[in-house]
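After this come two complexes, each holding subunit A, first together with subunit B and then together with subunit C.
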Partner chain A sequence: MTNQNDMLSPEAIKKIDREVAKYPADQKQSAVMAALVIAQDEKGWLSKETIAAVAGYLGMAPIAAYEVASFYNMYDLQPVGKYKLTVCTNLPCALSGGVHAADYVKEKLGIDFNETTADGRFTLKEGECMGACGDAPVMLVNNKRMCSFMLPEQIDKLLAECK
Partner chain B sequence: MALIDTINPLLTTGWSKGDAGWSLKDYEARGGYVQLKRILASKMTQDDLIAEVKKSVLRGRGGAGFPTGLKWSFMPKAAPEKYVVCNTDEGEPGTFKDRDLMRFDPHSVIEGMIIAAYAVGAKLGYNYIHGEIFDMYQRFEEALDQARAAGYLGNNILGSDFSFDLFAHHGWGAYICGEETGLLESIEGKKGQPRYKPPFPANFGLYGKPTTINNTETFAAIPFILGMGGEAYLNLGKPNNGGTKLFSVSGHVNRPGNYEVPMGTPFAKLLEMAGGMRGGRKLKAVIPGGSSAPVLPADIMMECTMDYDSIAKAGSMLGSGAVIVMDETVCMVKALERLSYFYFEESCGQCTPCREGSGWLYRVVHRIEHGEGRPEDLDLLNRVTDNMMGKTICALADAAAFPVRSFIKHFKSEFEYHIENKKCLVDPEVQRAGSGFFKAGAA
Partner chain C sequence: MLEIEIDGKTLQVADGSTIIEAAHQLGTYIPHFCYHKKLSIAANCRMCLVQVEKAPKPMPACATPVTNGMKVFTHSELAVKAQKGVMEFLLINHPLDCPICDQGGECQLQDLAVGYGESASQYQEEKRVVPDKDLGPLVSTDMTRCINCTRCIRFTAEIAGFMELGQSFRGERAEVMPFIGKTVDTELSGNIIDLCPVGALTSKPFRFSARTWELSRRKSVSPHDGLGSNLIVQTKHDRVMRVLPLENEDINECWLTDKERFSYQGLSSAERLTKPMVKQGGEWKEVDWSVALDYASHALRDVAKTHGGAAIGGLLSPHATLEEMYLAQKLLRGLDSENIDFRLRQSDFSADGKRKGTPWLGMKIADIGRLDRVLVVGSFLRKDHPLVAQRLRQSAKRGAQISILHSADDDLLIKLAARAIAAPSQLPAVLAEVVKAVAELKGVAADPALAKVGAGLVDVNAAKKIAASLVSGSDGGKCAGILLGNFAQQHPQAATLSALAQQLAGLLGGSFGFLGEAANSVGGYAAKAIPTAGGLNAAAMLKDPRHAYVVVGAEPELDCADGAQALASLTKAAAVVVLSPFKSQAMLDYAAVLLPVSPFSETSGTFVNTEGRVQSFYAAAKPLGEARPAWKVLRVLGNLLDLNGFAFNSSEEVRAEALDGQPEFVSGLDNGIDGATLNLTASPNGLERVADVPIHFSDPLVRRAPALQQAADSAAPTARMNAATLAKCGLASGDKVKVGAGGTAAVTLPAQFDAGLPDGVVRIAAAHADTVALGAMSSVLSVEKA
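Up next is the complex of A and B:
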């Protein structure tokens, strides 16, 4: 039997330990959200095996970690492209071009929401309010990089930059 | 960067240097941590501290407007283990003030939380930060390291017998974690499903222990209140509506951004500060307190002042202070359709009236928008909301119902036109031009 912890690199384990240290000693499970993000960053997406490895490391049941991974929108339970673009289309953004920005990206990449380009480069997602509506249109690149004021020219630049 | 302007800067004093003014030395240079030092040096009593906050009539900036001092006084004195939690899960559509607070002045939030911890006797705290603003989460962690190194956090803060530590916890895409008990579940490493109340967090909070939870802006206001005194802070605003408030102005204005103004400032003044209507077009409607607040038509809104009481009297809510401005290019059916989709998508699914009701609302508004509406649909929508409001574990169901009821109430003829004519009252080309995404003449 393979040791489940082998699934996570020593660097990932180090980062997870840093998260665990934030909580009372008997509340390791509190680190599961951060740990799943660390694992997702490393693997690109969260397979059942990866989720189970995180659960094992934190001493929780795999199903409990899976429940968390499936509840929050930014965990990817399926493989995604190298660049995941999430465009906010909620009303405040839409008033300043959020939906049009998403349409523009769709046309340029030839994909719809929840699809990945044939070359595996881009996945497109529809997002909810990111708390940045004053910068509309906004989009997230790979969950962590927020791009503001994404008018056609800026979108062209971003797409060209994502190689 | 979100543009800012202000009549009476408190919360935004540190913002003028943009990203160059957030760190500890800048915060100290503008009087930061002086209040914490004063409290510790004078051994101020918890009761005196809470009394000062009560005097300010600071009302929670997270949406419900509950008096902060009163909330702190609910914490049981004797409990050995207590927590302070900050709600930076800013996900209410239209709201983007906490992001800028975290970006330009994270230490004001930290100082506010330390003072709150002193007032309620907590030794550990967490700031729950919206997953989508990961760069702000990282900045906050940096600010925490600075505060810890300077002796503002940890054991025996500044040589006193008061100890408190504080950590950052991030979300990962779930609006419902903004609801305080959903947020606590989420810190515990679970699905963010709200808890039944009572018991309230002051008795049964994080890990089942007494917990004070406040919004980011609420905590950030604390050092300023103690600096000027509760009464002076109250007098900045108007009775029962103390102080200044950040308003996130989005939508069809020339300068979307955060504006700090005294409570009671006329809406017309705020609109003017935000550069007026984009392209000089006509104001049609405003959602004055985040997407969960009832929409108000232009004429009613232009008579309002920006404070809890005035907006409530007009039939809406000041909520989170997110002011969503819509001009005449907006199709109200389409606008409502997007909001209804949001609540349907974000319902956590525990309560049948919310889970099923939010789906009904979205599907019926969707079919009206797509030319398949039926004459009886408006009554149906109102009936569905009747079965949701006040019948669920948390207020998300009400938040889904308010937009539907208010859009239909104030813009009924537009919905009826849609049902009868199977198309928008506002020409699609006009709608398309409204967003400003496409330059004139371009495809």
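Up next is the complex of A and C:
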């Protein structure tokens, strides 16, 4: 099932091992979230082969890893652009301009949610509460960088930064 | 014990029970979807909400443990309001397509909606649509109907042993699905159809062919493996439309294997024999029963007269009923032939005449779950006895230690304590090492005959690990069981393996027994369908060709240990009388007369399962065409041959004579062998064959079930080898190889890598048309690139 291209690199395996070590030896699969993040960082996105490889390494059923990978927004089951922008549209944000922020990004980039710009630079995603409702509207860049108070001006700045 | 009150009735329940279990004890029904007594508690459907005194909110009955003095109200205003609320939510996304849904009429959601649903929904928005999934040839999906109870998921993970289904995505978009591009391939997959409380998972072969209320139901017994699972056979216009499990906690619990559930399709195979046929001048003619029976009786009488009764051989299918076997042996003995056997795949008969009784499981099926240490010897357990594997899987989770000694390391999906994988010729030596190691651990002397075995040949450490596990059980192994599988019984040193297992069980104070290969593996002995002094066993009567054969229910080329030899001997014979529900090209070639007889669904009869339990059943449908129950055909043949003792009016009378009454269990069960000689020498030159009988090829009925033949378990045979063997033969996985077995015959198969095989063996399936030419199931093979 896993072909050579999709095998995890020794570096990735080493990082996964560090995560696995945090849990009891017979509960390797507890490290699945971290392992998927490591795999995605390496591959750019999670193909079914990558997910199967992670599952195999952790001794769990591939579908069990897929359940996790498909549950959370931070995992990409399709290739994404260089910058993945996730805008929170849950209720607290929506009440404080989250949806407007998303609309603004859509207009600026000419794409809808779950689409990538033609130049492959941006992918737009709709996100769930990021636990920063007080900073609404909030956006996440590439799953890791959190941006607060994203009014049009800030959005312009962010987009300009993302080369 | 705790005392609680449910709807005003007090009762005592065991500590740790849940409210739903307590209610069940009382006969009070609490509506539920996700709860199932054999599965873990998920508590996600919320249909089982009940009111509990002092609890501020309704509580899920399936997940709430009972406490002393608890007062539960299952039908109070609060409870019913909560249940109705849940139902309204469940129906939000459920399509109203009951008229075109196969589950209609047997749907828990439909039933409960009648009790708890409102006639109109407040929901006005769009309903969700979920794409269907391809789960393989047996289970059909309509995933929009799924209520995400996760029963099917828990079944694959917990009962079948590997999570093949999961719930992906989240919230409203959550979908039950297999991993991308995968199907559900477990040999128990059909059970998810029964478990699904709605019409999301239904039977593919049964799809759109009948409504549940149009079907007549009959209890029956599975004609396949030795368990004798209890069935409900459902028919419409005398055609079997569907087979469902009949719950029997002592045998199949509430499960069925896919083979048992879907083999019924073979009953309406185009190869069904529906008219008696005789061969005249090389031409097959359909004739009347009287002509065919006359022809058959004359042929047999002629051979008996000219060559003596011993010139006739009787090959009976181990899947034939007790009554059929009993009358067949009576017929043959009436003709003065002692050549009678039903143990068609056995190759070592050296225990015959020394057995103390009928070989059997050595315990009740239900007791398998009570063993705390188990050694399975020579068994493709998951495929040969899926429901025994299931029981052991659950035992292992409860802490029992399961070990295996076998020639292939197929994944049993059971947590194993120890395993020894050795070439077939070395299985006795490894088992002997286990015996020696147990003796040593127990500080007693082992049988001196075992002193020299092993000696650097076998994996002594693996044997020691198995021994240590066995001895570590309660009371030094008193709850240990040694189970000999099909492979051990078909092994050329089967008697030695059995004797060693007996020694082992003796040392441990535990038990040992045989996992019956076929529906009537015990029944055949009870029916006396084995040769006594002077008679030829199944292998001998084929090795030493007879002038005439009587074949009942078997296809010897596929059902015997050496199919090629069977074919040759049958072809040479002057007269072969075949009683069979099916015809095949091979049969048309070697037979002189074909008598169409009923398969299990069209006759009354009895199977004696591997624990010795006598299970009788009635016909579920009328015989197809001119087919007739085989016991009647044999009775008439007996009368035509002027034999005594064939005046039976019913199959019950035959059973009464065969079993001397109507016992619940047959008598004379005993695995002991008197004065067994241990045969521990083995040094085959060359590659040894490991032959499995694939699950969907084991008997004539399942071989003709089309949906099962498309399942993953029905893949065409390959020549499987481990890396070292492949390398030694200069092969790569996927290469076409010519496999020979000494003689001139050779078959060409693709080579396949199998990491679970020991060195120096080639695994090639038996019971398959592609490999018949290879001959004996245990043999030495040559393999070269084609």
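We adopt the following convention: the second predicted complex is superposed on the first by the 157 of 163 C-alpha atoms of A that agree within 3 Å, B and C clash if a C-alpha of one lies under 4 Å from a C-alpha of the other, contacts with A are read in each partner's own complex, and residues count from 1 in each chain.
Here, contacts are C-beta pairs under 8 Å (C-beta built on N, C-alpha and C of every residue); 3 or more make two chains touch, one makes a residue touch a chain.
All figures in this text were calculated on a predicted structure; none of them were measured in a lab.
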**Message:** Is A:Gly97 touching anything from subunit B or subunit C once the two structures are fitted on A? First, second, both or neither.
**Reply:** first
**Item:** Which superposed partner A:Lys48 touches (first subunit B, second subunit C, both, neither)
**Value:** second
**Asked** Looking at the overlay, what does A:Ala61 touch: subunit B (first), subunit C (second), both, or neither?
**Response** second
**Request:** Applying the touch criterion given at the start, work out whether A:Leu124 contacts subunit B, subunit C, both or neither, answering first, second, both or neither.
**Result:** neither
**Prompt:** Between subunit B (first) and subunit C (second), which does A:Phe71 come into contact with in this model arrangement: first, second, both, or neither?
**Reply:** both
**Message:** By residue count, which of the two partners contacts subunit A more extensively, subunit B or subunit C?
**Reply:** B
**Message:** For A:Ser30 in the superposed arrangement: first (subunit B), second (subunit C), both or neither?
**Reply:** first
**Prompt:** Is there a shared patch on subunit A that both subunit B and subunit C touch, and which residues make it up?
**Reply:** 60, 64, 67, 71
**Prompt:** Can you list the residues on subunit A that touch subunit C in the complex?
**Reply:** 48, 52, 60-64, 66-67, 70-71
**Fill in**
Within their complex, subunit B touches subunit A through residues 1-3, 90-96, 98-99, 124, 126, 130-135, 167-175, 186-192, 207, 248-252, 256-258, 291, 322, 324-326, 330, 335, 338-339, 342, 345-346, 432, 434-439, 442
**Asked** What residues of subunit C sit close enough to touch subunit A in their complex?
**Response** 157, 162-170, 177-182
**Contact footprint of subunit B on subunit A as seen in their complex** = 22-24, 27, 29-34, 36-37, 58, 60, 64, 67-68, 71-75, 89-101, 104, 127-137, 140, 143-146, 151-152
